[in-house]
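These notes open a run of structures that come right after.
Each of the next two complexes has chain A plus one other chain: chain B in the first, chain C in the second.
Then we have the complex of A and B:
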């Protein structure tokens, strides 16, 4: 009497199927990721080593000369300085707003759906429309901002035209918060185990203490992920300075991404533009690695 | 044959022209690809996704010709029976190293546009004729409480464009064309500092747009909206303002003010069409057919009639000698100003397409910062331009001339 239930050949086929099927599912994604992410990144690095010739690519190989020239260029450093200020301003002004909005929504019992919709609607407004609205608000002659400032006895400002204020004016619209971040924070907050809150209630942990010791630590993983994404997004800021101020006045709002754009589109210097892009990638990678190293949320 | 068009350039008259072309040349298929304003040909060329023909302003054409991106048209022009009807000087604007690389599409002079209603309201009878008058007139027209300023000044992009006029009016230039076609930079010309000083005077007097980050398009929109009382723009752009709702009776045009040199001077501008070098012979033939069709006597006159139907064509600088310009119903007042400007009009400074961005940077850094050392900043940009752009450009010219 045989105890075998499956013939060895069939068993081998099933194992093969089980091993290969998952790869078949992820293969298209992997292929496209390599083509459109990694290949283009390596291509950019390759271009950065050339005095790129559009008509006869890639042109003369010049090693790291593009990088050396960038490091000697004051505008390159000015763009980096602006980018870091944009990043800090963005984190200070806009990062925490969606968390506060999500906490508020979590506490609301009636009208949560309405408020959630209200927070989402602004994300549907294109940036170019926002630019028109905020340019009107900050118009030095007839804008709302100067009306408010002068009402309180202040001096009217030139806002976007003032090199010291322009970056703030570009980031400030983000203070309205909203968007998908609110939904993500809200779902994370609502996902916190109710038993923990009940235990906290019994221990007399209410209000701000409950927020500080229960809610925030339990959504810390999401805050860290959002923080990493926010820093990456802020370091790559391009559309806002381009549309609000075209990088001015006098380069005061030219971010490194806009600097790269200008090198490519205006100066037609693909080699330097690619070198700047590679440097930006490396800097973002280092900052992201540091952020992930500092993040203890997964280990706890 | 593929060409790029923008949504705003897709007019009814343009579509009728395409229909006439297809009717006349049914064997050529015209593919219009709609792109955003300012979509870059060079990036497309680098990735092999460029159209077959391009249309650019005169200063930019050098980049395409010397960069190997444009096809030399000499073989086509040798057998082109219409050639004799074109002004030789205008054809020669697109000759590089002895070869033709593009055909002129239109031509314009740069003029001072002013809002007649705002002038009348301020009690000003005539447009300014000198720099001093320009400043004084702008002061009278600046009324912050009404959101109105005296004049537009290009400070947030393409700064080198208008700046060149002020340098010329101060008696100098930004570059020099050597006999062998190479560029010599002259950013240290004393006229450059004079022009920057005048820019600073205008900015300090608060007579220009209060939002210094306004881009070119929005700046011109502010003129049609009645916020800017004066602006600079090409003579061919009158319809642009009327299409935006400005009353044509409020639009005045004048010659550019005279600067310290005492000489009248303005820019002779123009656009051109060219064929990309990476197209097949068959497509190149089709592209040439389109370029010559667009510039034919019949199509040029039809263009004038179309403009007349819309209220009158812009003042004309005729690029063909066999066209009946009266078909355009051009306002004689405007035409007189353009005719008076033509003898003083010149092409943009040599090599603008190569070094313009360096001048942009220097103008921005010095005009907006009264403490900036003008000589030092322009010297720094000149050295950068020399090492990053001019040296290789000059080398290409010398090599292609061998």
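Then we have the complex of A and C:
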């Protein structure tokens, strides 16, 4: 209404304003996203094509030689193998725990608020603090883990210094569960329609049966999303191996992200570091695309 | 029919008694498991450095003891020098006992000086305070703790500076218990150690009494010294000297505050324009532009980002820590947009017709309606900034810039730090956070639940 009564000379200005405002709103976000993600990704690709020289960036152009050299490198492949094992382990050990915790937490009536808060504690503990305590629990000489193992008649282990056990020990602290995901699942479970429960109850589906046949299928969407995020997160696992073992013993716990870090910091080979970063990007993009496809076809 | 009715009385819809029992047991069990490592950390923190190295390890620490030594100077006629002699005796007795009995859970050592059954001198130190001096302070790098090294050197002056005592020839208002109470048969080895003259251990006063008492409160007092220990670890950093652990907390708070400001501000305004201002087609294209960035692993861009930061002289300073937060997380934009889409358009239109600008509508109408999602995302941003690690390690790894996470990583990797000390510092930093979580539990829970993420 108001625009119609205005004189035509001003109408043009208003139309211009209406067209520009959305862009003004989104501009900072667009610009910073471009600078901090798109430009840097392009830079990473550009650096990966060079024998990078810190003194005279970007150095000699060598095409895809960095990539070829990486594919011939045994450390690179063992880092990928470790990453794969990390991903499988963290899906097996840590992914389902918060779902189970949320399922049972939803059945708890008294003191649910307090339990919910206590479940948040693992999120509040920085990794470095976790590392301090778990490294001591897995200490080969004085740790609790060996005390338990010897109590049951086993042989004492060296845990983080054992190439076969080290990956398991890095993932294992996550078995305690908790964290934000419990709250996420809980709120999804609480959002399930009560009518469905009542209908199922009349049909004799209650208790554990109801958890399995009604509640779980109803939060499948969130589980799927969390699984995608968990896989993407596990592929990039960096802080845990870096802090627990710095990739040792002998590279047995070096994930691909840590391998990139080593190329960058220890070898100061920026070209190769950027190249493996780009490879990681491509792999994650493929995994995401496949997972989304699977998710879509399942919905149909 | 009757049977079903009576059964329904006892259970909520869809529930059953075994399920309820299992739920309680499982939930309480999980919580206890989550708390157990923290408890273990606290338990290790209050032990002696030597007591930690025990196998199999004890879950509970040994109760700390208070050692009381009464020295008698009645036979000594030195007059004015009495104060110096007593001070030296006190320092020697405390450090000699602390080094020799370092796995007997000695919590504190009190030294009383008496003349004719009148207390004229009193000195008291917590064992952890003594250990700090032995590891980082006055008696750093000393291996032999006889009277000569402890008292007749420059280090002695340094030790005196941090030791408080009371002295008055007319008597002071302190009375030793002196009840000869013994724990673990420690009195005779302690007496023997302090008077072992063949190895250079002697006291000027005569030991008239040593007694030991249990005092669990001394374990709590330990943390007071853990708080100050950082000052000794980094003696050249002015702000750590002044604020100790709070220096790291300050850095963490700056980062957290900035992260909330930029992330919530940028993400919400971006999501608002995507949700309300653009045409559906344009909005979809732009959303893809943001969502694609979720796939880019941080390791891929960390190197170019570092080179970029170096280019604008922003490495190893606060800019390096703060600038990357300007990138609005696509995930938050996605969540904000999902919430804004559900807001009634009529409300926003009404404001527009009344002549409100788009910005006014956004800040005054849209955001107040989105308190729950904002609270959830604020919580999320705070936690992720609190846990952020790798970027700071590479781009801002300086003692003055350390966040708590980075500080603890560096302290625990420092070969100088003892395990009980690192655990003590870690416990000190995590305890307030857990308390805060419990204090704000209602707000936290409500923000997550009411944000309504549906399956």
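We adopt the following convention: the second predicted complex is superposed on the first by the 271 of 300 C-alpha atoms of A that agree within 3 Å, B and C clash if a C-alpha of one lies under 4 Å from a C-alpha of the other, contacts with A are read in each partner's own complex, and residues count from 1 in each chain.
Convention: a residue touches a chain if its C-beta (ideal position, glycine included) is under 8 Å from a C-beta of that chain, and two chains touch if they have at least 3 such contacts.
This one's a predicted model, so the numbers in the text were calculated from it and none came from an experiment.
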Chain B and chain C placed together on chain A: clash or fit? clash
**Request:** May I ask you to decide whether A:275 touches chain B, chain C, both, or neither, giving the answer as first, second, both or neither?
**Result:** neither
Review point. Is A:172 contacted by the first partner chain B, the second partner chain C, both or neither?
Key: neither
- [ ] Quick one: classify A:79 as touching chain B (first), chain C (second), both or neither.
- [x] neither
>> Taking the superposition on A as described, I'd like to know which of chain B and chain C A:99 touches: first, second, both or neither.
In response: neither
Kindly classify A:264 by the partners it touches after superposition: chain B alone (first), chain C alone (second), both, or neither?
both
Comparing chain B and chain C in the superposed model, the one touching more of chain A is C
Output check: A:51 vs chain B and chain C. Expected answer is one of first, second, both, neither. What do you get? first
Contacts of A:142 with chain B and chain C, given as first, second, both or neither
both
### Message
Contact-wise, after the overlay, does A:245 reach chain B, chain C, both or neither (first, second, both, neither)?
### Response
first
| request: Using the touch definition from the top, say if A:183 reaches chain B (first), chain C (second), both or neither. | output: second
Re chain C stretches 63-71, 99-107, 117-125 or 135-143: the one overlapping chain B is 135-143
In chain A, both chain B and chain C touch residues 57, 135, 141-142, 264-265, 270
Chain C partner, complex, touching residues on chain A are 1-2, 21-22, 25-26, 28-30, 32-33, 35-41, 43-44, 47, 57, 100-101, 104-105, 107-109, 113-137, 141-144, 146-147, 150-151, 173, 176-178, 180, 183-184, 186-192, 194, 197-198, 200-201, 205-208, 210-211, 214, 218-222, 232, 235-236, 238-239, 242-243, 256-257, 260-261, 264-265, 270, 273-274, 277-278, 280-281, 284-285, 288
In their shared complex, chain B is touched by residues of chain A numbered 51, 54-57, 69, 73, 75, 135, 139-142, 158, 160-161, 166, 244-246, 248-251, 253, 262, 264-270
Within their complex, chain C touches chain A through residues 11-16, 18-20, 22-24, 26-28, 30-31, 33-35, 37-38, 40-41, 44, 52-57, 266-267, 269-270, 272-274, 277-278, 286, 289-290, 293, 295-305, 307-308, 324, 326-328, 330, 333, 353, 355, 358-359, 362, 380, 383, 386-387, 389-390, 394, 404-406, 408-409, 412, 419, 422-423, 426, 429-430, 433-434, 437-438, 441-442, 444-445, 448-449, 451-455
Chain A partner, complex, touching residues on chain B are 40, 42-43, 45-46, 63, 67-69, 144, 147, 155-157, 210-213, 215, 277, 357, 360-361, 364-365, 368-369, 384, 388-389, 392
